[in-house]
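The block underneath contains the structure these notes are about, expressed in C-alpha cells.
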Amino acid sequence: MKQELKQTKFGKYGGQFVPEVLMPAIEELTEQYEKYKDDPVFNEELDYYLRDFAGRPSPLYFAKHLSKEYGVKIYLKREDLVHGGAHKLNNTLGQALLTKYMGKKRIIAETGAGQHGTACAMAGAAFGISTEVYMGARDTVRQRMNVYRMELMGTKVIQVKSGSQTLKDAINEAMRDWAANVETTHYMIGSVVGPHPYPMMVRDFQSVIGKEVRTQIMEKEGRFPDSIVACTGGGSNAMGIFYPFIEDDVDLFAVEAGGSGMKVTEKEALHSATLCTGEEGILHGMHTMVLQNKYGQILESSSIAAGLDYAGVGPELAYLADTGRIKPRNSMDSEALDAFHDLCRLEGIIPALESSHALAYVKKAASSGELGEIVVINISGRGDKDLETVMGMKK
Amino acid sequence: MKQELKQTKFGKYGGQFVPEVLMPAIEELTEQYEKYKDDPVFNEELDYYLRDFAGRPSPLYFAKHLSKEYGVKIYLKREDLVHGGAHKLNNTLGQALLTKYMGKKRIIAETGAGQHGTACAMAGAAFGISTEVYMGARDTVRQRMNVYRMELMGTKVIQVKSGSQTLKDAINEAMRDWAANVETTHYMIGSVVGPHPYPMMVRDFQSVIGKEVRTQIMEKEGRFPDSIVACTGGGSNAMGIFYPFIEDDVDLFAVEAGGSGMKVTEKEALHSATLCTGEEGILHGMHTMVLQNKYGQILESSSIAAGLDYAGVGPELAYLADTGRIKPRNSMDSEALDAFHDLCRLEGIIPALESSHALAYVKKAASSGELGEIVVINISGRGDKDLETVMGMKK
Amino acid sequence: MKISDKFNELKKKKEGALIAYICAGDPTPEATKEYVTALVRGGADIIELGLPFSDPTADGPTIQAGIERALNGGMTPDIYFKLIGSLKVHIPLVVMTYYNLIFKRGLEKFVKDCVSFGISGIIVPDLSAEESGELAGLCKQYDVDLIFLVAPTTTESRMKRILAEGTGFVYLVARLGVTGARKDVAASTRELVERVKTRTPKAVGFGISNGKQTSEIIRTGADGVIVGSAFVDIIASGKDVPGRLEALARELKDGIRSANK
Amino acid sequence: MKISDKFNELKKKKEGALIAYICAGDPTPEATKEYVTALVRGGADIIELGLPFSDPTADGPTIQAGIERALNGGMTPDIYFKLIGSLKVHIPLVVMTYYNLIFKRGLEKFVKDCVSFGISGIIVPDLSAEESGELAGLCKQYDVDLIFLVAPTTTESRMKRILAEGTGFVYLVARLGVTGARKDVAASTRELVERVKTRTPKAVGFGISNGKQTSEIIRTGADGVIVGSAFVDIIASGKDVPGRLEALARELKDGIRSANK
C-alpha cells in the first residue's frame, strides 16, 4: 500500500478522497490513463487533434512594446489563439480521446463561468461523444452566451438549482451523476485538481504548452528563459507550462488572484490566493492547500477573473510550493485590470483577465530583477469573454 | 497610357475612379507596394508577424462528421483560429507593415460591423502606429463591443453622424480624412475592393491562405482538391484562397449572400448577391459589378451576415466570373443559419455567419457532383460575434 | 453505547436495526435535541448525526439543503460536540462528516472528542480505504468504530480491503447514485448483501423512505437499514416535525420488524 | 452658353467668375428652379447643378445632406434633364455628378442629353484623368466641356495630363480636404494658381463662403471662384432661401469685383 500511496501523491498532497461509489471509476481511469499515456497510437491521434483541430502549436510571441514598457524581455505564449480561446481545450481533447479509448459513451463535466464547459462541448463534438455539462442556475443566467455556445455544439447544459446555484453546486451534481453512471460515463475535470489521476493527467495533457515553449525559446534565444510566469486558479495552465521545465534552471512563478485584498471573514475571502495564504486541507478529492476557516469550512473565494476564483489549488502546485520549486505570488484585481489594458494597447492582444494576473506580476516584479532578463508569460486565454466585466470597471 | 490602364485593371474591371486629391496618394501607394511586394526583407517581416502574432499557418482540418452528413469529403481552412477571429488580420498586418515601410505615421479605416476595424486596431497596436477608425454612429451602438475592443487597443473610433450613420457614411468620412491628410496617413481598405492597387494588394496579402492550403492538402491527400468554396462579400477571403489555385484544375466557388430572397426594389435589395445578380458599374473607386437601380443609384444590400452585406464586389472576382474561372453562387440567410448549426453540432466549431454561406452551398450542391470528391471550404472567421444574431432567430 | 452491543442486542431479538440520519443543527442545535428524542421514541436503534461541511459532495440535494440550514444556524464542530454531550439517549451515536473537518481539528483530537462526548462511530463519505490509514489507527487506539461504505461497483479487491479496515457496521450503498429518497428498492441490493462477506453487521442505505422498503431490505439478509433524506425532508417542511419524525421512524421500524429475521 | 464665351465676356470686363453650386432637386425640382433664378439675380456667372448620386464619396457632409434631400425628393437623371430643359437662364450650366450615373445611362446618351437640354460642361469628381479617355472623346465629339480638378497634391506629371484633357475651366481645389465651408482661405491657393500653367480659365473652389474670401482668391490670379456648401447651407435652413441665396451671391460677386483684375 505504501507504494500505491506514493503513486497517487505529490509528497503529502494529492490522493484520492472520494466516495466509495466513485473509487472503481477512479481506479479504472487511473489504469486506463497509465495504459494510454505513452501509447504511440493514442498520442499520435491526440497530436493530430491538437494540431488540426485546436490549432497548435500556439506561437511564442516576442512582445516588443510591452518589454520596453515593463523593462524586461517578454515572450507571450499565445494560448489565446487555441480553438475556443484558451488552453482549456488541450485538456478536454486529451480526456475526450481517452473516453473514446476507454469505450465510454458519455462525458459529463461541471462548469462555472462556462470556459471548461465550452472546451468540453468542443471536444465532445469533435469526437462525437454525447456531452452533458452541469452548471449552477445562477451561472447559466450570468453566462448566457456560454450556455448558448455549448448548446449549439450539441452539449446538454443541466441547470443546477440546489444550494447557491453556482459552481459548487454544479460540482456536487456532476459527482452525483458520475456516481450513478460510472460504467458509461467519463467525468471531465477542467484543471489539475480532484482525486488522482486527474491532477497528473491534466498536467500531462497541458504539458504540450511547455514542451512547445522549450523548442520555441531555443529557436528564438538559443537558451531557456530565466523565468516563466503563469496565472493559477486550479493550476492547469501553470503546470502545463511549468512541468517541462521542472528539472531546468528556470524560475517558475505561480500568480494567484489577490482579489480586492487579503481580508478574510468566517465565510469569505476577498481573494483566491490559495498557495499564498491557504492552509492544508482536503477538498474535491485531494489533499492540498485550501482557503478555509478555523473549523475547516471552505471559504467563498473571490476574483475579478472567474477562472481563478477557486478556494483550492492543484496538489502538485502545493507540493512544488512547499519544496520551493515554484514561487507563489499574487496580483490584485486592480493590478490585473491595469495589465489587461497595457497588453491591449501596447500589443493589440486582448488577454483573459486570468492571464492578466500573470502580466501584472511581471509589471511589478520586473524592476526587482527577480525575473531575470527573459520572461515567458503564459497568456492562457483571450479576453473577449471579459469585455463586459472590464467595461463595468473604472480604469 | 494603355499599358498603365492594363496594370490597374482585371480585363475591364478595376481601375482608379477617385477624386484627384487622392490620386497622388494612390499613385504613391501603388509605387510603394510594387517596390515592397517582392522585397525579401519586407516579406520576412510580414511572415514573422503572420506566424508569431497572427498564429499562422491556420490548420486545414478534415471535417469527418460534416463530410459524412453532407456526402463529400470536406476540409475546413481554419481562418477562425487567426488572431482576432477572422482572415481580416492577414490583410491589415500587411498594410500596416507597408505603412511603416512608407514612413507614414497614421492609419485610418472605416468599419461597418467592426471586424475590419478590430483587425486594423490589432495591426496598428502591433506596429505601434496611431490608428483611427470611422464608424457610423448607429453601428457604434449596434456593435458596442467591437468599438470597445478597438478602443482598448488604443484605436480612436470616430462616430460618423452624417447620413444614415452607417458604413456608407463612414466610408465617405474616411475618404475625406484621407483627402485632407494624404501625406501622413495610410487608408486601410478591408477587402479586395476600392481603386487599384487595393484589390491586387489585399488579394496578395490574403493569398497566404491559399498558399498554405496548397501545401496542406498535398500533405493530406497527395493532390489538389476538386473544388474550393468561399463566401464572398468584398471577396478578400475568396481571392485569398482562390488565387494561388488560379492556374490549377480546381473549381472555385464564390458564394454570395442570398439574403431573404432575390427581390429588389428601387432602393433596396433583399440580398447581397452582386456577382450573381448585379450589373456593371462604378463604385468606391472601381469598375465592378454592383447592385444598382436603373439609374445607377446604389441599392442597400441585405444579409444576415454583416460582412457580406455589400452592394459591390472586388473587380477581380467580377473579371473571373466573366471569364468563367470562378463560379458565383449564393446561399440564403436561412440556409446559412442551417449550416451554421450543422458545423457547431457536428464538429464543435462555431463558424462566422459569413463562412456559413460557403458551408450552406456545399450542403446543397454536394449531391449534384458539381463539387467533385474533395472540397476545401474557407472558414473565414469564427462565429462568436454572431451569437446574438443567431439567438434572435428561430432555427 | 457501542455499536456492536446494539447489534448484538438486536440479534438476540432477531430484529434488524433502524439507523436514522439527521444533520446536527438543522435548523438549530435545540431542534436537533428534540428531533433525536423523537427518533428514539419512534424506534431508531442508532443515530447518525451529520456534522455539517460547507462542500458536501457526497450528499444529495435534500441533505445538502439540511447542511446549509445547519451552517446558517451557526453549527460548528465545537458546538456539535457540546450538543452531543448534552443528548440524553441510550443508543449508539455516529458522526457523519467530511474529512476536512476532521483533518482541520486534528485527527487525534477529533477521535478523542468523539470518545469524550459519547460518539461510538465515525463515517467519512469522502475518505476512501486508501487514505484512511491514519484515522483507522487512531480509531483502533481509542476504540471508536470507523465505518466504511461499499457500493455495487466496489471491486472484489477493494471489498477485501474495506472489510478489513472497517468496524461497527458496513454501510452498503443500495444503488448507484448519492443520497436522496427514491420510490423503490433496487434488486441489486440482495446481490450486494450476498457479495459482502463479513461478520460485521451490514446496513443498507440510500434511497429508503418507507416501511415496505425497510421490510424488503431486511429480507435480503441485511442487518439494518439507514434512512436519511426521508427524515431531512420532514425537517425541511418545518411542519409538526417531531411528531412526523417519530411516526416515520415507527413505520420504518415496523417494516423491519415485519421482516423478522 | 459656352463656358469659354462666359469667361471671355468676363475677361473683357476684367472680372472674375462666380460659379455657384447647388444640388438639383434639393429639396424639390420646383425649388431648384427658383433657387437658380435667385443665384443668377445675385450675380452668378456659371451654375453647377449637382445630379445626386446615392454614394457621394467626394462630397462633404453639407452637400451630402443636400444630395440626400434631393434623392428623397424623387430626383432622377430623367427628371434632372427635364428640369435643366425648363430653366430659363442665359448663363452656362454645368452638371456635377458621379461616374456611375453617367456609365449607367450610357456615356454617349449622357453627353447627348447634356447637349440637348443645354448643359455646357461636365464635372465628375470620381473620374480621374486616367479613366476619362472615353468620356473625354465623346465630350470633344459633341462639344461639351469636361472639367477636371487639380489639387495642391497633384504632381507635375499628373498636372500635365489633366491640363491636356480638361476644357472649360480647371477646378482648383483650394486646400486638402473635401467640400465644406471653411473660415479662411489657405495661402496655398496662390501657390497652386501659379503652378497651374494653362490658358484654360482657373476657378478655385472648396471652402469659400464670403466676399472677403472671393476677393482674396481673385487677387491670387484665379479667374473664378466656386462656392457650393455655403449655398447648400442656406437651402438646408429652409428659411427665406431665395432671398438669402441672392444676397450671398451678390456679396460673393461684389468681393470678386472688388478685386478687379
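Remarks
Residue numbering begins at 1 within each chain, and the chains themselves are lettered A, B, C and D in the order written.
One rule holds for everything that comes next: contacts are C-beta pairs under 8 Å (C-beta built on N, C-alpha and C of every residue); 3 or more make two chains touch, one makes a residue touch a chain.
All figures in this text were calculated on a predicted structure; none of them were measured in a lab.
Ranked by how far their CA centres sit from the centre of chain C, the chains are topped by D. Averaged Cα coordinates give chain C a centre that lies 97 Å from the centre of chain D.
Chain geometry summary: the mean Cα position of chain A and that of chain D are 67 Å apart. If you average the Cα atoms of chain A and of chain B, the two centres end up 36 Å apart. Viewed as a contact network, the protein chains form an open path, each link joining two chains that touch.
Contact between chains, as defined at the top, is found for A-B, A-C, B-D.
Against chain B, in their complex, chain A makes its touches with residues 51-53, 55, 58-62, 65, 78, 80-83, 121-126, 128, 145, 148-149, 152-154, 341, 344-350, 384, 387, 390-391.
Residues of chain B that touch chain D in their complex: 1, 4-5, 8, 15-21, 23-25, 27, 162-163, 168-169, 171-173, 175-176, 179-183, 279-285, 287, 290, 292, 294-298. Interface residues of chain D, counted against chain B in their complex, comprise 53-61, 64-65, 68, 71, 76-78, 98-105, 125-131, 133, 148-151, 153-155, 158, 162, 173, 176-178.
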